[in-house]
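Heads up, the next two complexes both have chain A, just with different partners, chain B and then chain C.
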Partner chain A sequence: MNVSIPNILDQIIASIPLFKPELALIIGFIVCIFMALFIERRWKNSTFIGCVVTLAFSLYYLIDQLSTTGTGFSGMWLVDPLSTYARLVIICSTLIIAIFLQQRHSKNNGDVYSILLAATLGMHVLSSTSNWLMAFIGIEMVSIASYILVGYFSQNKVQSEATMKYVLFGSVCAAVMLYGLSLVYGLTGNLDFQSAAHLQGLMDAPEAIVTLALLFVFTGIGFKLSFVPFHVWSPDVYQGAPTAITAFLSTIPKVGAIVLFARLYQSWSSTAFYFSELSTWFIIVVAVVTMLIGNLAALRQQDVKRMMAYSSIGHTGLLLMVVFAYQDAFSYLLFYVVAYVIMNLATFIFIDQIEQETGSTSLLSYAGLGKKMPLLFTAFTLVAVSLIGIPPTVGFVAKLLVFTSTFSIFQSSGDTGPLLLLIVGALTAVISLFFYFKIPLYAFLRNSDQPITDKKQVSVLLIIAYILTVLVILLGIFPNWLMEKVS
Partner chain B sequence: MITLTHFLVVSACIFCIGLYAVLAKRNTIMILVGIELMINAAILNFVAFGKYDKINYGGQVFALFAIVLAAAAVAVGLAIILNVYRHFKTINPENIHELKD
Partner chain C sequence: MGLLSILIFLPLVATLLILALPSSAKATYKYVALGFTFLQFGLSLYLYGNFDATLGGIQQLDAYQFVEQLAWIRMDLGAIGKLEIDYLIGVDGISLPLIVLSTLVMLMGVGASWNIDKSPKGYFALLMILNTAVMGIFSALDFFLFYVFYEIMLLPLYFLIGIWGGERREYAAIKFFIYTLLGSVLMLLVIVGLYFSVINPATGAHTFNMLHMMNPANYVDGSFFAYIANYHEVFGIPARLIGFIVLFFAFAIKVPIVPLHTWLPDAHVEAPTPVSIILAGILLKIGGYGIIRVCYSIFPDIAADTNWWLALIGVISILYGALNALAQKDLKRMIAYSSVSHMGFVLLGIASLTAEGVSGAIFQMVSHGFLSAALFFLVGVLYDRVHDRYIYNFRGLASLTPKYTAYVAIAFFASLGLPGFSAFIGEAFVIIGAFNAESMATGVPRWMAIGGSIGILLSAAYFLWTLQRMFFGQTRLKGGLAWQEALTDLNTREQVILFPALALALLLGIMPSLIFSNLNASVIQLIDLIKPYL
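Showing the complex of A and B:
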């Protein structure tokens, strides 16, 4: 392909409108670094304001993009409704995380915002590409930014150990994924996983090499999504990191990674060749094992953050089930993602609020708190109900949609795979009842000896959490509001 | 005559050495070195395969980006290991186990 340089330049300039939200993030990232260096000393919170303004600009350009579909930068950048809505979710939840950080870590926090913006940029890249090069850059950007975020506020042994484990595990997974990608590139000679040449190359390749390459590639994605067996880092890191960062880790990186995985699965599972069968069986087995291990391990946790880590592993299993069930309609995936993000953000804000008042994240310390903080624990219980999947909450609607669709796949094909998914999904929903209900059990039915004085302070963060709780109920009763938007 | 197979064999060997360094876990710095070896094995693969991709040079470009990203990850990793050393006075992963189930 002998394209002259002016032509290439024209093509790049023509693709810039598709890249505006990310350009805003890039500029904001650089500006935030300088603000943290020079302005933060004289004018407190200036970096936070810079970060919020950047996110607002990015949001504005994204809303502008809502109706556009297209590719840019010679097919490396892909804008479609799935990517735009996923990026909307990412931006909105990053905004909440930024406020969370500002409220809880007001001292010496200048650089955290620029790193948060870098992570957001990485997630944007992940959710709007079908090119392996971009996907790898996105995964590494999110990973490196998350390592720094986890370690940024570390003051004691536990936090620094969590960071170290995260870095080592993440880097090994990225290296293995890179090796797998090099094999895939060798087999296909093409880096775009949706292209015909790529699929043709995978069809012609010997089975053993394809198995090895695919499993290696899934390792990297599996680390970001934390499905079994790449989940071992998440309980330690979730427990060791500050709660604001845990809220970040448990929600936003998963949005980007699941969108990438959905695109990958959609293009790879559509043929009748060996690699399609392999990816289908891989997703079924991994989803089943992830749901089982996540929910069973959560049963015996005494620390709420650790319990939520296992619960989010369980939800990853369900997300994989959604990817399996809806290969053509992405709106259901988006619905589940939105529901998951809302529920998890609210939960972590509640956990953090209680940690602020009692200084502990242990379940035992929740004893008797329900009478002292009735509103907070009522809302917390509602979110827990939604996490289990009981009506009238958004978690119920999300699970109902997934189970219905998996059931119809089972009816039309009669395979054991979907049936297995259904049985395990229903079983783990029942198991999850036991550990989520520990929260209201301790809070309302147990009494504690220690007197705890309620400070009665209403913070911005709590108001956000209550709004999220109201959303959980409202979207549970009127799921159409969201479904009509995203489909 | 050096063929593609030679490159692949060498890179597979480097990858296995790196993986061994990671799994043996004597020292955190050695784990980082192992990770670096694994990444370099992949880069070698990319460049070797890139010879056959004359249209886009995807392999070479990927190798360049992978080098940059690996450098960034190692820089962050070393900073964090330094932080761990301040708290634990050791960087042997087997002696660092405050977090448990």
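Showing the complex of A and C:
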């Protein structure tokens, strides 16, 4: 290809409008580094404000992009409603995480905001590309930022251990994925997984190599999504990391990864060839196993954060079901993602609030707390109900939409795979009742003699959590409000 | 907002009011709850009085009364099509008697909660949410709406049993929850399947409307639950049969049938008295109602094929429940098992597919509703006083508490099917229906009717034997003098709660037409719906 440099430059300049939200993030990232270095000492919280302003700018440009569809940077950058909405979710939840960090870790926190922005940028990349190179850069950006975030506030051995585990596991997965990508590139000569040449290359390739390449690629995504068998890091890391970071890990990285995976699966499963069949069976088997292991392992947990780690593994199984059912309408995919993010953020804020008051994340320490903090535990229970998927909550509508779309695939194909997904999805909801309901069980049904005085202070975080809880109910009764916006 | 909506959401207003009141106004919660339930009861009686008994309902929306329809959720799901969920409520002859029953039992439940002093705010708020859910279940005509109310019902019950229950309350609460949730998540899958199989003829969109699901013409050709030329099979079993079984399973847990009944004795024994009253009086009826409204009306073809099995399950429940009741030493457990037995009649009546049988089944639900409520209340009276309900710990109560004994005797005689009381009418009609079924060729053999009659005999045995063991003979109490002093006779509040229930049992026993006249058209409509498939 002989393209003249002015042409390339023209194209890059023409693509910049599509890249504005990310440009804002990049500039904010650099500014935040300097603010943390020079200004933070004199003017406390300046970096936090810088971070919030950056996110606001990014949000503003994103809203500007709502009706835009297009590609830029020679097809590397892809902007469509799915990516825009996903980025909106990412920015909004990052904002909440930023507030979370500011409230809980007010000392020595300058650099954490710039890292948070870097992670957000990585997520943006993941959700708006169909190019392997970009995807890998995105995954690595998110991963490296997450490693730092997990270790940033570490004070004891457990937390350092969690960080080390995370880094080691993450690097190995990234390496394996890169190897898989190189195989895929070698087979197809094209890095864009939606292009015809890419699919053609996969069709022609020998089955053994394709199997290897695909499984390797899925490893990297599997690590970010923490589906089985790449989930082993998440319970330790979730438990070891500060709650604010755990809230971040359990929500935002998954949004980007799931969008990427949905795009990938949509294009790879579209043919009648071996690699499509392999992807389909892979996703079905992994979804089933992930749902089962996540929910069954959660039954035995005595620590809330660890339990939530397994719960989020279980939800990953359902997210895979969403990916499986993703065809061209992205509305239920987004709905599930939004529901998941709202529920998880609220849960972790509650967990953190309780941790602040009792100093423990053990379920046993929740005994009898329902009477002392009735509002908090009522809200917590409602969110737990939503996590199980019982109406009238957003979790139920999200689950219903997933089942609906999976059933439509089952009805048109008649395969046992989707049916299996449906049945396991339904049954794991019953299993999940056991562990989610440990929270109200301990809080309301058990009594404790421990004197705990509720501090009764109104915190910004708690107000956010209550707003999220109200959203859980409102969106459960009127899902239209969200769906109309999205579609 | 129509009357029916007001009926449903009135308790929710009560909940908000109770939550808004400061805890210094603790004593007023029960009055708020009582006032609102009383209002509800009056409203339901008004609806009953203004009900046009000539209209059938079942699968025709025009024949439903007090109908309200609002577009609720409309979602465009791209390739899958449009999601169409309505807020659609209405009543016919099958749901209205149960609504009136529910409001009455709820009133009894609030009355029985008068002495609750453990966090009354939460208690009455949950009770009122439960009330809303129950009303919603009986009025919903959209399957989505029905499911939402059905699940909402579980949450307050879990806490009511779990917080205010007896010793093993945690176990009982979670067991109850798991059983019901297991049934309902599978039900959700069938609902989704039905949604894809049915289109609304007016808009061409898929719909959750139950009435559209009852009309074979609305099924998409080749869809999963398609009617005619249905070639969908899963592992060699026709899809419609699977759908029916799953739905039946969900409701059968509620009824409950043997062998899915094991949650019931635990839940009853551990639940506080008012919750037992509501469980037995209302929630078991949701099972029977669901079988009629959902299983039989949406799957009439399968209903006609399987009614032999359903009737068999009914007979087994009658006999097994009765034999178990005979063996119980805990009074509350005995009454819980008698519920299993009496609800077996409901299943037998419905499965007989005769007009007498189905009417008898609904009548039996209503009659069992307030009779079991009265029975559990009577147990509660005893338990309140001495915190014991072990049958062998009491003897000769008649001389100690004559009024109480009289009420117990009347309630026992009414429950065992003595002519002149409502249970007799219900059980007799069920047995007549089951007996006639053979000549109507619905597939239920005569020996099942005989099995049902044996059940009545057994119920006489356990009720009378209990009466004899506890109330007659010389007064001998396990707790000695302390108990003798504690065992005061019924007070006015207790009599006010019990009297209407027992009076109603007598009234309906003498004038069953009070109920039959309103449900007849609907029952005939239901039979007509199923008849072509027999």
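We adopt the following convention: the second predicted complex is superposed on the first by the 487 of 487 C-alpha atoms of A that agree within 3 Å, B and C clash if a C-alpha of one lies under 4 Å from a C-alpha of the other, contacts with A are read in each partner's own complex, and residues count from 1 in each chain.
In this text, a residue touches a chain if its C-beta (ideal position, glycine included) is under 8 Å from a C-beta of that chain, and two chains touch if they have at least 3 such contacts.
Remember, predicted model here, so these are calculated numbers, not experimental data.
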Partner chain in contact with A:Asn190 - chain B first, chain C second, else both or neither: first
Chain B versus chain C as contact partner of A:Tyr147, first or second or both or neither: first
Which of chain B and chain C A:Asp236 touches, first, second, both or neither: first
Chain B versus chain C as contact partner of A:Val172, first or second or both or neither: first
Partner chain in contact with A:Asn7 - chain B first, chain C second, else both or neither: neither
Chain B versus chain C as contact partner of A:Pro391, first or second or both or neither: second
Contacts of A:Thr68 with chain B and chain C, given as first, second, both or neither: neither
Partner chain in contact with A:Asn108 - chain B first, chain C second, else both or neither: neither
Chain A-facing residues of chain B, complex: 8, 11, 15, 18, 22, 28, 31-32, 35, 38-39, 41-43, 45-46, 48-49, 52-53, 55-56, 58-59, 61-62, 65-66, 69, 72-74, 76-77, 79-81, 83-84, 86-88, 93, 96-99, 101
Residues on chain A engaged by chain C in the complex (per definition of touch): 327-332, 371, 374, 385, 390-392, 396, 400-401, 403-405, 407-408, 410-411, 414, 419, 422-423, 426-427, 429-430, 433-434, 437, 440-441, 444-445, 478-480, 483, 487
Interface residues, chain C side, partner chain A - complex: 73-80, 83, 119, 122, 147-148, 151-152, 154-155, 158-159, 162-163, 169-170, 173-174, 177-178, 181-182, 185-186, 188-189, 192-193, 195-196, 223-224, 232, 234
Chain B-facing residues of chain A, complex: 1, 132-133, 136-137, 140, 143-144, 147-148, 151, 154, 156-158, 160-165, 167-168, 171-172, 174-176, 178-179, 181-183, 185-186, 189-191, 235-236, 239-240, 297, 301, 306
